[in-house]
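You will see chain A twice below: alongside chain B first, and alongside chain C after that.
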Partner chain A sequence: MSSSRTQAVLAAIPKLIKHRPSCLVRASQHRNYSQSSAAKTTEATAEKWGLAGALYLERLPVITPKMTRLEQEYKEYKLQQEVEQSLLSEYEITKKEEEERLAIQKKNVLDTPLHLRNIPIQTMQDKEELWSKELAQFTPADRETEADKSNDMRSTDRKLDQSLVLLLKQVVDGKEWWYLPTMNYTPGLSMREVAEQALTSNCGTDLKFRVFGNAPSGYQIKNYGREKREETKLNGHKVFIYKAEYRGGPVIPNEDNSVLDYAWVTPKELRQYLGRTTSRVLNKFIIY
Partner chain B sequence: MALSSFKQCNSAMPMKRKVKIDPRIILEREQKKKKKIENELMKLERLERTLKPVDEFDSQRRLKRVASERTRENTELTREEKLKRFHLEKKWCVYSYKQYKAVCGQINQATKFAAEALAELRKESEELYVQAIQEDPSILSYSKSGPTETPPIKNYQFPDGEYNEVTKVW
Partner chain C sequence: MGHVIKFSELAKALRTASAEFNRRLCKQCQNNITQQRRWFSTGPKLFGVWEPDGLDEPKFGKYTKIDIRMNGYDYVVLESFSKFMKSVSTTMDLDMKVVAIPPRTSSIKTFFENSTKVKENFSLKRYERKLRFDTILCTKFTIFLDVLRHNLPAGVDFELKSFSKEEEEFRFIPSEEKLSLLARLASLEKEKLERERRKDKF
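This part shows the complex of A and B:
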């Protein structure tokens, strides 16, 4: 198939150009970069990958996102339309009747007998005032929290209308880098258990979380540089990412595992921490 | 003369003999009639208790009568307002369609990526793959209530509800 093609190409090269014998040897081998599956499988089986599991721990949003101007206008329009197309309710009818009665009473004060004058009727107006007073006594919590204002990256109270992801700062091969909690695969465990242990071993066992299903949500392939490749005899390692929901509990970075720091980061800020390739991979399974 | 009167006398049909029926049988017949009527009554009552399917419901007759009294006095919309509403609807249509497409796209991308991840896992080890495709029945018991307008207040003191004191006083 493609081997004959390469040979044809080689044959077409004028023989005046001197190639080193090793060059020609390499060219005549089945080393091509076409998409033939046969060649790929041979390449694939020649490569060895290390395995690792990572956990994408997500604190889901606590409050609704702010409405855009169009959404606000549309909401008001629809509420108005609903009122216009409805019939009067019992409450509105009794209110109207009471108002009429009050007006008549005011006009005919002298006509009403003494024992019926100045009876305080609890009108709907009074009731409404009572209710609005009761509502005023309750103040809801602020949508923007202290953590927002101080930009505390370690708290989960920041950016309540977006989801937050846990990232750990680890020292790997002498370099500091931010990544999801990861752990290398140990034989005897399933990949999901590896991912779960990646979190508990690095962040303490007080964390409460829930992984969804046994299958990974995504994966990332990291190729090693030449030195590391020779050292470990692996082409790189594959990280299988599991998505989990954060349920509560503190993050205690485990210094024994060289975890220096942690941060709760919104998906839009991921790029700053993780770099382009990793954030692109993670964006594939983030649902905004 | 005697013959004609004799003939007139004999124009009636021969009378039937009165048959004496047992009073017990009469009683039984009446009881059967009673039972029949009772059964029919019970059937009617049972029909009353079974509810009508919702599709057959007509709006409450009382409300129809009263609807005319309850019409709202709406001011006629100005031309500007009508145009504004028309344009709002158009914009909303486009906006919600784009939103829907975006969400669908994200979901499709996520499922595709998850399938790719499974395929990669399979390349590595069949055993891990088999463990990954196991069912997880705990997903079925998952429930979540959505985000609210404001976050929950920390250490909130719940006020007592209203109740009627029914303790006996001697």
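This part shows the complex of A and C:
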């Protein structure tokens, strides 16, 4: 360490510690020196923060995600390899014999060899026709629903292969802004209960959801500007975000709490609704 | 404040500063304020206070005896998913065991309308795997559950339960010999009791 730096540090220490060296000697003799008085290096003003709980309500994907090109090509390659390296099955052997018999029958009926003379009651061709008829009766549902085509942000049927998050449009201080359902902390409740009430009070009690765990998954600290700090006497507010799984039920925005609108948004579309800092906070615990 | 010290470098700064500080004090103050490392087992002290590591660490609760039961009809998918969750638990440093449960077979028959003639006969096997935790930190468990829910493949259900001993009975195959011997013993004892009763009657 250079001497200038040590000097700077040494010069800083007495300024930080409000006791003089003689006090320190006295204190060490008493052996009652607690670490808290040494740690009073921070500002004398205590920092007060407003607390709030928010709920990250997630509808998990309903259908399997689409395979990437690499996955698709690898799967086809492996399938082809498996077919080429495998032996013929019973079904394939009988089918082959049938084809041989039909070809020979076209030439001459009596010259058919012995092993091909036993004609089964139901030929493989007939079976295949039955099976393809049965398959035609079943049509799988579309991967893209109506909500996808009409881009209805309020429905949970959009984007079935991705997860959706609930965002609420609220009016705070005269401005409209999109955020997760939030509620200020009330003493007497645990933070998780505050987050759950944030959802039920803003979106109606018909919503079925499940929060996992009592610890929040993320947090956001917002510092107030000078005016607001003087007004509310708080340094800012801290929001603790809990993750929850959506299990069903409608979202009824509560107009009394100035909730104007709601939207179910995929995590990749979050950036369009939320600012940069909020999406960074959420990206820390989102699993895509 | 004169010089801005980075929090991460605070410990180092304090240590070197304490050495420099020491040099500038009189011998009496030196002995009283800063004590050099005397024995290897005790760390250096500053201002007469030594605090061991790990005192101010937050204490999180632990969940004990948790079973995550995964069911599925497709063995390949279930097995590869349980292997994946095992690798997740090792990277997260969790104490997890994967327990295999023997499959339960069920046969399903479809009938023709208004008759007992069987149209189709399916025999299905429902495979099961259990992810068992003896103890796990609450905070890590939420994250583990998150990973599990988001990566759950098609065709696998999962259930969170606390571990119970009665369900373990299904895992073990009863030994026929032992059961038959026990049955013989019971019947022999019964005969003995009846003989004694007949003797008493006479």
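One rule holds in what follows: the second predicted complex is superposed on the first by the 218 of 288 C-alpha atoms of A that agree within 3 Å, B and C clash if a C-alpha of one lies under 4 Å from a C-alpha of the other, contacts with A are read in each partner's own complex, and residues count from 1 in each chain.
Keep this in mind: a contact is a pair of C-beta atoms (placed from the backbone, for glycine too) under 8 Å apart; a residue touches a chain by one contact, two chains touch by 3 or more.
None of these values were measured; they are calculated from a predicted model.
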item: First (chain B), second (chain C), both or neither touched by A:A8; value: second
item: Partner chain(s) touched by A:R192 [first = chain B, second = chain C, both, neither]; value: first
item: Touched partner set for A:S163, first chain B, second chain C, both or neither; value: second
item: Chain B versus chain C, judged by how many residues of chain A each one touches; value: B
item: Which of chain B and chain C A:T64 touches, first, second, both or neither; value: both
item: Partner chain(s) touched by A:A136 [first = chain B, second = chain C, both, neither]; value: neither
item: Chain B versus chain C as contact partner of A:I287, first or second or both or neither; value: both
item: Touching partner for A:N214 - first (chain B), second (chain C), both, neither; value: both
item: Contacts on chain A seen with chain B and repeated with chain C across the two complexes; value: 60, 63-64, 212-215, 217, 285, 287
item: Contact set on chain A toward chain C in their complex; value: 1, 5-6, 8-13, 15-16, 21, 24-25, 27-29, 31, 33-35, 38, 60, 63-64, 163, 212-215, 217, 243, 245, 285, 287
item: Residues of chain C touching chain A in the complex; value: 1-3, 5, 13, 16-17, 20-21, 24-25, 28-29, 32-33, 47-49, 51, 60, 138-139, 141-142, 145-147, 149-150, 153-154
item: Residue ranges of chain B touching chain A (in the complex, touch as defined); value: 67, 70-72, 74, 85, 88, 91-92, 95, 103, 106-107, 109-110, 113-114, 116-118, 120-121, 123-125, 128, 131-136, 139, 142, 144, 146-154
item: In the complex with chain B, residue positions of chain A that touch it; value: 44, 49, 51, 60-64, 70-71, 73-74, 77, 81, 83-84, 86-88, 93, 140-143, 145, 160-161, 190-192, 210, 212-219, 221, 238, 240-241, 284-288
